[in-house]
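Next, two complexes with chain A in common: one pairs it with chain B, the other with chain C.
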Partner chain A sequence: MALPIENRKSKIENVKKSAGFWKETWRQFRRRRLGMAALIFVGALTVTAILSPAIVGTRPIVCQYKGHLYFPCMGYFNPRWENPIFQIDKFRKRYPESLKAKDPASWAVWPLNYNDPYRRVYDNEWPDRAGNPTRDQGRPNTLNWFGTDQRGVDVFAQMVHGTRVALLVGILSMGIAAAIGIVIGALAGYFGGWADFALSRLVELVLCIPTLVLILALLAIIEQATIWHIMAIIGATSWTSIARLTRGEFLRLKEMDFVAAARTTGLGELRIIFRYILPNALAPVLVPITFGIAGAILTESALSFLGFGAPPPNPSWGTLLSAGRSNYQMWWLIFYPGLAIFFTVLAYNLIGEGLQEATDPRLREGGRA
Partner chain B sequence: MLNFLIRRLAIALLTLLLITFVVYGLIRNTPGNPLTQELSRLDPGKVMKPEDFERLNKIYGLDKPWYVAYGTWLGNLAQFDLGRSFSRKRPVVDLITERMYPTLLLSISSLCITYLLAIPLGLFASARSGKVDERISSTLLYMLYSFPSFVAALFLQLYFAVRLGWLPLFGMVSDNHEHMSSWEQTVDLFRHALLPVTCYTYGSLAYYSRFIRANMHEVLRQDYIRTARAKGLGPIRVLVRHAFRNTLIPLVTLMGLTLPALLSGSIIIEQIFTWPGMGRLYFESIRERDYPTIMGLTLMFSVLTLAGQLLADFMYAVVDPRVRLDDR
Partner chain C sequence: MNRGWMLLLLLPVVLFAGGCPKPPADDASPAQPPATSATDGETASGAGESSAATTPVADEPAPLLEPFNPPALAELDAQVTWEEQPVRDAFEMMREEKQQQPPLVSVDEALSMKNDSRDANEKILSALGQYPASAGDVDYEARFDRCVNFDLNSTNPILYSTTVESELHTLTGLSLFSFDRTFTPFGADDALVSWHVSSDRMFDKVVLRDDLFWSDGQPITAHDVEFTFQTIMNPKVPVPAVRSGVDELKWVKAYDDRTVVFFHKQPLATNVWNILFPVIPRHVYESSLQDDPTLRDSDYHIKLESAPVSGGPYRLKSRVVGQEFVVERREDWYLKDGQEVRRKPYFKEIRFRVIEDPNTALLAINNGQVHDYQMNPEQWTTQTNDADFYKNNTKSSGTEWGFAFIFWNQRTPFFADQRVRQAMSYTLDYKEMLDEICYGIYEPCSGTFHPDSWMAPKPSPQPYQQDLDKAEALLDEAGWTDSDGDGIRDKMVDGRKTDFDFSILLGEGSKTTERIVTLLAENLGQIGITCRPQPIEFTVMLEKARKHEFQALTMGLGAGADPTTSENIYTTNAIKNGRNYASYSNPEVDELFEQGKREFDRAKRAEIYGRIHMLLWEDQPMTWLYNRNAFYGFNKRLRGYTYSPRGPYTYGPGIGSIYMAPE
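And now, the complex of A and B:
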């Protein structure tokens, strides 16, 4: 009171600003070796997914053809991104020989491994490279690192290109689930009363039907389910735990003084829900979201394994597993994709575990492990 | 207490109505019906005559709109009649009881093994908390917990059935099961059940022992534990008699919540081992659009899930005198 204003101000500035919530969480998370290893693994997986056409494929990463530069490998992301000139010039997906034959001056930069996730590589398609073995002959070898499936399609190529689907399913379907769960939980928790009663019945409705059954029934309704449909359906069936947690947080937070303060200033309900309470409720919800990503990846591969996954040309880890089940002698069809699913699920679980310990002060002193 | 029970039961009944209504609408609106589904499985060249189709539609009640058919189903249910399976031509109740035993065989043996192993493991983990051996075992358990059960099922099949040839690949009994002596039959069943039970057990084992450890962690910080230690009790006695007893409450609650899982089985594990249980029945009935069976199973699981939740709350109050149900 006695201090002049300038003096007071400098005093406030002198106080060291304590770390914000996210900064503190990161500081705590970084100390956990397993969590960090898992984060690095997921990062590496993401890089693999983005660079998948450059790692393994039969289309050049970049090539010069008739005086122009092209990036045919982009066709792996979306068939339309492969320049139509290669179809007009009748390349028939065989780039090495076609490039040489149709334009001797052409050059190309090739992926690290010459193999295709969709089709078999034929004899001499690549100069002096033997074709992929078919049926149960494709044991892992120097050309096909993880072996080939019954049709002679390289397993390594399918797994690398399958990373895209796996990661996308995890993130997109959990994004959908988080959006549904947070909105429903927030409304139920904030308004209480009849809204809470009705929304809680909705949660129980989804909870009581076994998830896989619900997904199969929903998939049956959409006759030609694409991978996008599958992601939406997984998202639409896995939001219950998020909703319950958000509801609990809202029940607790809406009694707090800052909410009352916001209300007295005459702010709208929606604004209070999403701008004032939600940011405070987000931290505990983050943990089930991370675990949910692991769950979504698992559900997708289980669906593909049961034969309800994305239609055939889409390479998926679960599809490989189900191919392996039709011939147990081809152990490589089960072993490698199985490990890939395991490590990805484990990584997301470890990240979730690390987040849980980093955001929950009661668990903090445990450190590491 | 009575008030609480009545209120909860009324809510549960309402939820049940809602669930069955939604599921009925869902399955009746999926493309294909029991008749077309059955035909496509037989001979694609064999097409049913339109009048036959009409007649069967009428018999199965498929000619009415789905909400009317739901009403009929509900009416029959009130008379304890779940209807007859379309594709198997048998009462749904018979079908479910028949499939219940194989699933119970797996889930109950798995549950027993889990409890037998998880409690000592959890106690060990809390006794040696922070030590090297505990950290290694906990990390291993966590990895096991993250191991997807269907991947594990395939790996186990690959190693024990294909590579070593010790155990049968799938099925519940051998082909010549009927000609065996009763002792051989038991051994045969045991050999077939070993891999599926392992798949059911390892994940929940990891989950339960972590659960116990986490609860022990909480309890061990309480004052009465310090008191027990201070009055000179041995570490094992403190751990088992004073700490563990107090972690039984959440464990009991968890048991209530796992009730539906005991009967539901796992679609994917039963599918991999071609085990004739509930999970497979559900899966098959969805594929065959066998409406009465789907509805019967859905009803059963919903009742079990809701009962499990209610039981968990109820048990919580019974075991823990600090909890009063009326206060809610």
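And now, the complex of A and C:
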């Protein structure tokens, strides 16, 4: 029974457009309270990392000095971004007293908490503010919210500025791992045969390497190991599960009709791989990436804890833990960074789990409860 | 235990064994004993590796000894005038010294005290340092559990290269000579009948006792001494440390079973240190040496490694690699035909437990699992004041002649200028470093010779104080100004603008060093210099240092028995063959070191070394950070310890006077 053409058209228009895959996933994910809480937590951490110099620091967020506006706090992101005028005018990194002394008309907006992640705050650096306590005397107090370490450096400041390292390590190293893993997995899965055999053996080979040991060995070779090296090494070793999952997805998807259709239209293989198959394979791959971020953060903390992390004085959660290890009475050196690591890793794992449930229809029921 | 500082002790030991180390060209590289150390070396690793791997593979290595035909003894006796040298009992000398200083408090009082002041420290040491009045005061069946922070490389006395090995050989080795707390050498009456030196200082003659036996029952003779000398100077034998100093000798000749003469190349004040080398048994090694000159690869030598033949009061009883080694008292060392011919060693056994981690070591001494432990400043100040520690232990400290420093490599564009080096020294916030980072227990350093030592100038110079204005003025004067206005100082070097941006190497794992370097980096940042602390594995750092491939580095250094030993660090010669890693060169200093070696009068020598000290202070080839004392925890039952400038163990009598009171 054929309908008139106009009628048919209106029918199509009336059909409610079903939600796309990603929209559906987001809808499913939103229902998972823990997952959402974790996502919000990670979001908050990201904001903290970006705003860290405005939250705690010893350099003004913005100040007017000799008629110009400056943002000295940018120096926390990169030492070169700290306006040289202050070095030339011999501020010697002591802004509060120097600003007033050298230009009485100056004004400044200060971070929420006057403390530095790299150094101790000394007596009267800030008018009438006592210096940070050193040794084992740095219990949490009103000036040092999370206490200070043996050097007298504020723990809160180190943790806030350490957030940048923690997040960067997770995201960058997993970015590298994802790039490698997806490409290798895609090639292996799509081409099959010898390519698959060779690449799968490569995956197995890398899988056999104990990551931590490899990292320690490589760090010993590298001349001046920085946090970037660590990220690169973590990234270069943790792509195996991503590659395996991608390969599996590709093995399945390449037999699908839409791929055959694409092939018959004469599209290039790379285009088929990356434009047609990959977007459909991404969902399951996202899950190991999220778990991988958690793993990378743990690895970085472990390295810093062992003393192989970023070179001093870079603040890092693991470094704080390691400082606490030499004196268990200073519980605040272990408690706060420990909590931060725990919750961050937990959050990424919860997000990963949420994603898994949201993208896999078989698991959705469980999530609804 | 502080590994790095344990290593630095090696310097004096090596020097003690050898005088002025001048490694022969063919194995100059690995033979360098790691006398330097990570500055407080909580964990800096580091046993100096044996040089086996780098001994030239070329066919036949060049001989190290010039052929020499020693004259007959009668001829020699006719030719020279012998002067008698002291042969003493270090223990008795020390006991007499102790008797003149009666204890300030009783033992019980001392044990109930907390060591929280200099006064308390003095009282504790005076009471617990007393020697036993009678045999009843000593538990001869006791085992002393010592704590060391790394394991042995080799148990062969002439292959030793680290302080742990030297501590072992103090117990198991035969020593013909000894020296007291003031580094005055004398013949050991355990081993020698007499010791003579020729009036022209070219020959030393010693006569051995006839009741000396190796632990396998064979007699110890003068031929063992001659054989050992030949072995040490055998170019095929990879001797890591002992050779330096011994190579200053021309020859060693055994004229009969008891008489040995040492022939020197030059009449030097340091000759006395060159004849102090460990002795190995000829009958054990003579034939096996031909098959395996490495002394450690053949089956026979591997067996000997685990059961070496010992010539000293103790012998190696057992060893678990990486965990512990145990020595036991040799009854045949002090008894002959049932008669005590030497003093009975105080411990039945001494067990060395290898504990690398400082926290684990502290737990071990708290639980009584070990009886001694060398602490770091944090542990001394904040973690050993509670009942947990004082239940089984007490603690004490003593002045040690070690110092920590930062070496400025003068081959870099930055540090060739004296003004820049002085500016570096003016930049560091010493007060913050000493009071906060070092917990107020280290002392400011005023140069290379310890102010208490005889060779230091009187008075010693004033230690540097932070003065950023002065530092900036010096840098401006030296041409390091911020010419491009980017906040970092720069200078045209070879036509290229160079930023003042450098890195400091530091031994991995030492928190105190890391904190000090971080503080310096912060201070340098204040005056527009970028400084990057770079922690690195200790052995790698030594390797880089030797190749002069660094910009700055920080280390610690122990005191040599004789100031000549510093020659190895500051003279132009030592750039290539020594430890002058910074490539510092001052002809006047070179000249004075030569003079000092040839001068025999101590007052005149003191004057010469005082001038060296002041020249170095002016030049600042290094920034001197602090003088580091010894901080030990001891079990409450231990008695008889006294600190020397090298700590409580390795001098005469040292560990030989330590005993355990009965329970």
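A few notes on this one:
We take it that the second predicted complex is superposed on the first by the 360 of 369 C-alpha atoms of A that agree within 3 Å, B and C clash if a C-alpha of one lies under 4 Å from a C-alpha of the other, contacts with A are read in each partner's own complex, and residues count from 1 in each chain.
The definition used in the following text is that a contact is a pair of C-beta atoms (placed from the backbone, for glycine too) under 8 Å apart; a residue touches a chain by one contact, two chains touch by 3 or more.
The shown structure was predicted, so the numbers you read here are calculated from the model rather than taken from an experiment.
In the superposition on chain A, contact of A:Pro313 is made with chain C only, not with chain B.
Applying the stated contact rule after C-alpha superposition, one finds that A:Leu298 touches chain B and leaves chain C untouched. Applying the stated contact rule after C-alpha superposition, one finds that A:Leu282 touches neither chain B nor chain C.
Of the two partner chains, both chain B and chain C are touched by A:Arg325.
Once chain A of one complex is fitted onto chain A of the other, the partner contacts of A:Val345 are limited to chain B, with no touch recorded for chain C. By the touch criterion defined above, A:Ile334 reaches chain B but does not reach chain C. In the superposition on chain A, A:Leu205 contacts chain B only, with no contact to chain C.
Using the contact criterion defined above for the overlaid structures, shared-chain residue A:Ala220 touches chain B and also reaches chain C. In the superposition on chain A, contact of A:Ala108 is made with neither chain B nor chain C.
Judged by the document's definition of touching, chain A residues 220, 325, 329 lie at the interface with chain B and also at the interface with chain C. The touching residues of chain A, when paired with chain C in their complex, are 79-80, 82-84, 86-88, 90, 92-93, 118-120, 134-136, 150-152, 220, 224, 307-308, 311-313, 323, 325-327, 329. Remark: chain A residues 34, 201, 204-205, 207-210, 212-213, 216-218, 220-221, 223, 294, 298, 301-302, 305-306, 321, 324-325, 328-329, 331, 334-335, 338, 341-342, 345-346, 349-350, 353, 369 touch chain B in the complex. Those residues of chain B that touch chain A in the shared complex are 11, 14-15, 18-19, 22-23, 26-27, 29-32, 135, 138-139, 142-143, 145-148, 150-151, 154-155, 157-158, 161-163, 169, 264, 267-268, 271-272, 282-283, 286, 298, 301-302, 305-306. Contacts from chain C toward chain A in the complex involve residues 358-359, 378-379, 381-383, 432, 436-437, 439, 468, 472, 482, 485-488, 503, 508-509, 511, 514-515, 517-519, 521-522, 525-528, 530, 532-535, 537, 540.
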